[in-house]
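Paired with chain B in one complex and with chain C in the other, chain A is shared by the two complexes that follow.
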Partner chain A sequence: MSTQLPPGLQLEKVDERIMTLNVGPQHPGSGHMRIIVQIDGDYIVACDPDPGYVHRGEEKMAEYRNYITNIPHLERPVIHDSCNILYPYVLGAEELLGIEVPERAKYVRVIAAELNRCVYTLYWLAIYGIFLGHSTMFMWPTGDRELFIDLLEKLTGARVTHAYFIPGGVRNDMPANFEDVCLRQVGYFEKRIAEYADVFYDNPILISRTADTGILSRNDAIRLGTTGSVLRASGVDYDVRKKEPYDVYDSMDFETNILKAGDAYARSKVPWLDMMESCRIIRDALSKMPKSGSVRTKLKPNPKGGDTSVYKRVESGRGALGCHIVSRKKPEPYRVKLSVGSFRNLIAMPYLLKGEKLGNMPSVYWSLNYWPVEADR
Partner chain B sequence: MSVIAPTFRLSYFLRSILDNVFWIIVLVTLVGIPAIQIVLFYIEMPVIDGELLTPFLALTWLADPSRAVPIIKALMYTDFFRIAVFPGFGLAALLAAGTIFVERKMLAKLQLRVGPFYCGKVEGILQLMGDGLKLISKEIIIPAKADKPIFWLAPVAFVGTAAAFVSLIPVAPGWVVADVDLGVLAVFAVIGFFPIVTILSAWSANSKFPFIGGIRALHQMISFEIPLILSLLGVVMLAGTMSLTGIVESQDFFPWIVFLPVGAIVFFICILAELERIPFDLPEAESEIVAGWLTEFSGMMYGLVQLGTYLKLYAFAALFTVMFLGGWSGPMLWPPFPEEIITDGIQLGPVTATIPGLPILDQAMLNGVLWFLLKTVAVIFFILLPRGVFPRIRIDMLLSLGWYKLIGLSFINIFIALALLYAGVLGPGGMI
Partner chain C sequence: MGTATGIIKALNSGVKHLARKRFTLRYPEQKLKFVGDGYRYDPVTGVGVAGLKGRHMLFHDHCTGCQLCSIACEGVAEAIAMVKVPESHKHNKKSIMPQIDYGKCVFCGLCVDACPFYALYMSNDYELSSFTKEGLIYTPAQLQVKPHVSQDAEIQITDRGATHG
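Moving on to the complex of A and B:
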């Protein structure tokens, strides 16, 4: 055929056994993307993820704005995790512009990043619950997410798109009673998060449904280049916060959660365990941080970088998140490249879904800790 | 300042009341009275003061309200009343509406949210009415390549099948729409229609997701009908009859759940699967196949299917009550009717109103209905509860559950029943 239609739009022969399903973009179980699934009866024979429906050209836009005005739009790919997606950019810009960060600002950043990781993970967990038909698990994390959103609102002034990190520190200092409120909310959340096990993680139906489905072996996880919770669920000890500590993560007291199984259940459990570690980090940072001092180094107006490039990496809610900034002695960066965990985890999806049952598609898909908007950037 | 009523003016208020009064008078004269007339023609009219009422003469109850009681009594013994109001469609629809409301509020409490709140002032009790009005006002969209006659027929057939199921349920002694001697067999026959309606609607939509959903529903219903039928056989053996009324009468002293708990559990799980409720809602799994076999339904067609689903829920819960919980039997709770109302009349200040022909309903019947409703509502509550607790299971797990475990358990149940029967403990001619 000369005019080749894109896959999923071709007409099928009626007598063929294989049926092509367009899951998305207008589908309750797809997110902002399309998955072209070919099924034979109840088994998936081929799966072709088709992202790109929410591509917004963030990287190109970054070439026309200077280092400060890039901040509000670079956080758009993951507004639930906006502190973490700005983190590598801010670290890189500081190195390019040669800015020192005050000690207190480093602790405030760590606290904000961990609060934001909880916000993202709870949202992700809520969708994981509703994908499996568990509506209580949709409502509980969505409700508990308000605790962290309230804290971040106190800290930054905005509920989701914070634009809080800037080269040279953070935008504004903590409010006076933040520490007390934060400890109280985190303490309550630590009690709540244990209850998730009763209703969700220890649920026999959930375990029988997600265990042993979509198994990603240790070698495959490394070979396919997955990252974050997917990698840790396959038994690889890799966490950027531990391996390449940035800011003050090297002095924080926390552990990396590693599960050996590599199935959808393990992949859904690792972020839940990570949230408990996040709470530990928040407590630790609050106790260790300097009680007074500046949180922000004053910048020169319209700062210019040198003729170099810099690559920085942090651990986001979805895995390692890198930012490559190339500077050409101008107020604007020459090139900003975000290397996001979502896209790297998506690569594993066709391999995992091949041969699975159609009923496993939502659990395997969402267990990859994939955020469609971030993958498209 | 309230948003709903920004300004209050007495003149507007009075005018709105007058408007309502006007429309009530118009509707009563143009619709109400002719409708009553039509109904009266189907009633076998009572004899009052030695005079047989004709349908035209019956309208004299407007002048003499004491005549209304015998007419209402005559109405209640007609088939029309039984089919349309009690114990047929009216009761079932009322309970179904209550079920939807309780389900939404209970689920909301479980999930730490409020649920329907604004519609109807008090805790959102009118939310269902609002949803119904919305569905009625929606456009009905039919896929271009659908098989239109069958696609139109499917929701109506679904509600019809559910209503047929409701008509077999005995609510109180003698109060049943269709008292079939082989009632259990009739129930099986009616249940057998649901997969047919489902697959017809799914196939006629000519769309992929409804088709997959229909196939799933077919698998699920057929594989759970077998344990469902087998689990009821133990009760049939012990009761020695297939009539649902007879089965209730056999449970005067104890319900069968005491002796056949295995069968009750199997039957309950099969109910959940037949009703496509969580954890067995695979035919409507929205994250996999949009809304399953309901995907292409819109507007009131979807509303009809929902109505049928909840009628079915009531019917299955009522069947559980009848088979295992003893139906209407229970201790007498309803107070006896005060006889002096008939003999002395009711004192209304200076006037004494004597009303002939009371009571309309006897004490045993009202008590039976009370117990039946209490038990049915309890069963409905347990049917609703898993929705807040369990995720959806997968089709292979569902089939292995249906074919291996439940069929095995229902055979165990039959053996228990046989042992009790042959040991002479229970059953026809047994010790108890």
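Moving on to the complex of A and C:
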């Protein structure tokens, strides 16, 4: 065997104790990404998440489309949460184009966004069940998700990619008996979600898999810039809906759920508690909304923005989601930058996994409320 | 709570569900009922009418061949092409109408919002699978056929859980 390697190639130095393991990208327990872990026996010494396998160039694509035709493709990063990912873009575009939104449209938007948050969270919870090997935890949320998908399908006309929000309001008004159907199904879900506690959250097997693993302290959570449920599970009271209310969230009656533990169990519980608050917001919005009125301000064809930029932030299922739009007096935006919660939460992963057992990796990884496609954009 | 109590509680919660009805929709036999006849748009008020965004419906007696739907689709999916139609209409001088490629369409409905003549709607038909790529391209003649849909299953909520009718 020749010891001379061709130029450009080099052999990796292999440690006697430490083994490098690639988890993903073609692995059911990694999502669309690779996690490079270095293990010493069963313990993780170092971890390097490697996202970018599903990069679609959404931000670049947005520079070649006008403010309206940007809508269908910008919701693709998170098709389960498509209303929430469009929300900051639509709020920003409204400010740039100088459009007033009708009052009723604001309430419809809040309802659609909260229904979508439930759809996303239930899907996320179902995948968490798969990661932990709990098949009931997969099937129950997937089944109950159908209640919200059905409501959104009645409201927006599509089961997942709704393309419902538009600068100036929403695409169409609620169908005739939507309020009754919505209250009935949300009421049923509220009873159903209480049953989750018996099967999942009070289940000693689930607690032993998730409790005291991957503890993120309050200071670390702030220092690493995590957001959303990860931040709230570490005891930080931060929710964009409360701190910087947009649309009509300031008049909604809901609370921010905070847990102090900061472990994977707390991170898995906060979205579940948030879903109950979402149901409260939906009820509140349905009772407070104006019973009639327009839901969409008519736009001029090919609207142009000024020579300014705008930054808007909303609370998505994964945390704060910001959108920075720069306009240069053209029908197309000059630059659209999405600042997503998934990517911020991923930063905490190498710190959390250091010293954990390899078997705890799935429970810590998915508790970060991370959606690979959204992080890559 | 002790480990044994917790496990028994979890099992008990699962056993209760044995008596419940199944929530699953038996799809080819049962089909979900949708509101209305599909998504439409009123260009006068500028607001849509709620409905499923499925296959399009083209009304030949309204279409003027103005290409606005095709222009709206340019930045989205480029699924709409304007093609010649054999019949001649007084309101459609060029005799061109949209032909939609469902291999590209994303069902966003922005073409419906663009139509100022009430010529393009969306219908409740969502079963568009085909064995060939050519089979996904719907000509203006195919688009004017009203789809035959029998959709009646709805989510029903009873004391014994939710079912699909």
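Just so it is clear, the second predicted complex is superposed on the first by the 362 of 377 C-alpha atoms of A that agree within 3 Å, B and C clash if a C-alpha of one lies under 4 Å from a C-alpha of the other, contacts with A are read in each partner's own complex, and residues count from 1 in each chain.
Heads up, the rule we're going with is that a contact is a pair of C-beta atoms (placed from the backbone, for glycine too) under 8 Å apart; a residue touches a chain by one contact, two chains touch by 3 or more.
Quick caveat, the model's predicted, so the values are computed rather than measured.
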* **First (chain B), second (chain C), both or neither touched by A:Tyr43** => neither
Query: Taking the superposition as given, does A:Leu21 touch the first partner, chain B, the second, chain C, both, or neither?
result: first
Per residue count on chain A, the busier partner among chain B and chain C is C
* Asked: Between chain B (first) and chain C (second), which does A:Asn172 come into contact with in this model arrangement: first, second, both, or neither?
  -> second
Worksheet item: Where does A:Phe131 make contact in the superposed view: on chain B (first), on chain C (second), on both, or on neither?
Response: first
Per the contact definition in the header, classify A:Lys357: touching chain B only (first), chain C only (second), both, or neither. first
Quick one: classify A:Gly143 as touching chain B (first), chain C (second), both or neither.
both
| request: For A:Ile68, select first, second, both or neither according to whether it touches chain B, chain C, the two together, or no partner. | output: second
Chain A positions within both the chain B interface and the chain C interface are 136, 143, 199, 203, 205
Interface with chain A, chain B side, in the complex: residues 107, 110-113, 208-209, 212, 278-279, 281-282, 285-290, 387-397
Within their complex, chain A touches chain C through residues 64-66, 68-73, 136, 143, 146-147, 150, 153-158, 161, 163, 171-176, 178, 184-185, 188, 195, 198-199, 202-205, 207, 294-299
Chain C residues touching chain A in their complex are 1-3, 6-7, 9-10, 12-14, 23-25, 32, 34-36, 38-39, 41, 45-53, 72, 74-77, 106-110, 113, 122, 155, 157, 162
In their shared complex, chain B is touched by residues of chain A numbered 19, 21, 27-29, 42, 129-140, 143, 199-200, 203, 205-206, 208-209, 357-362
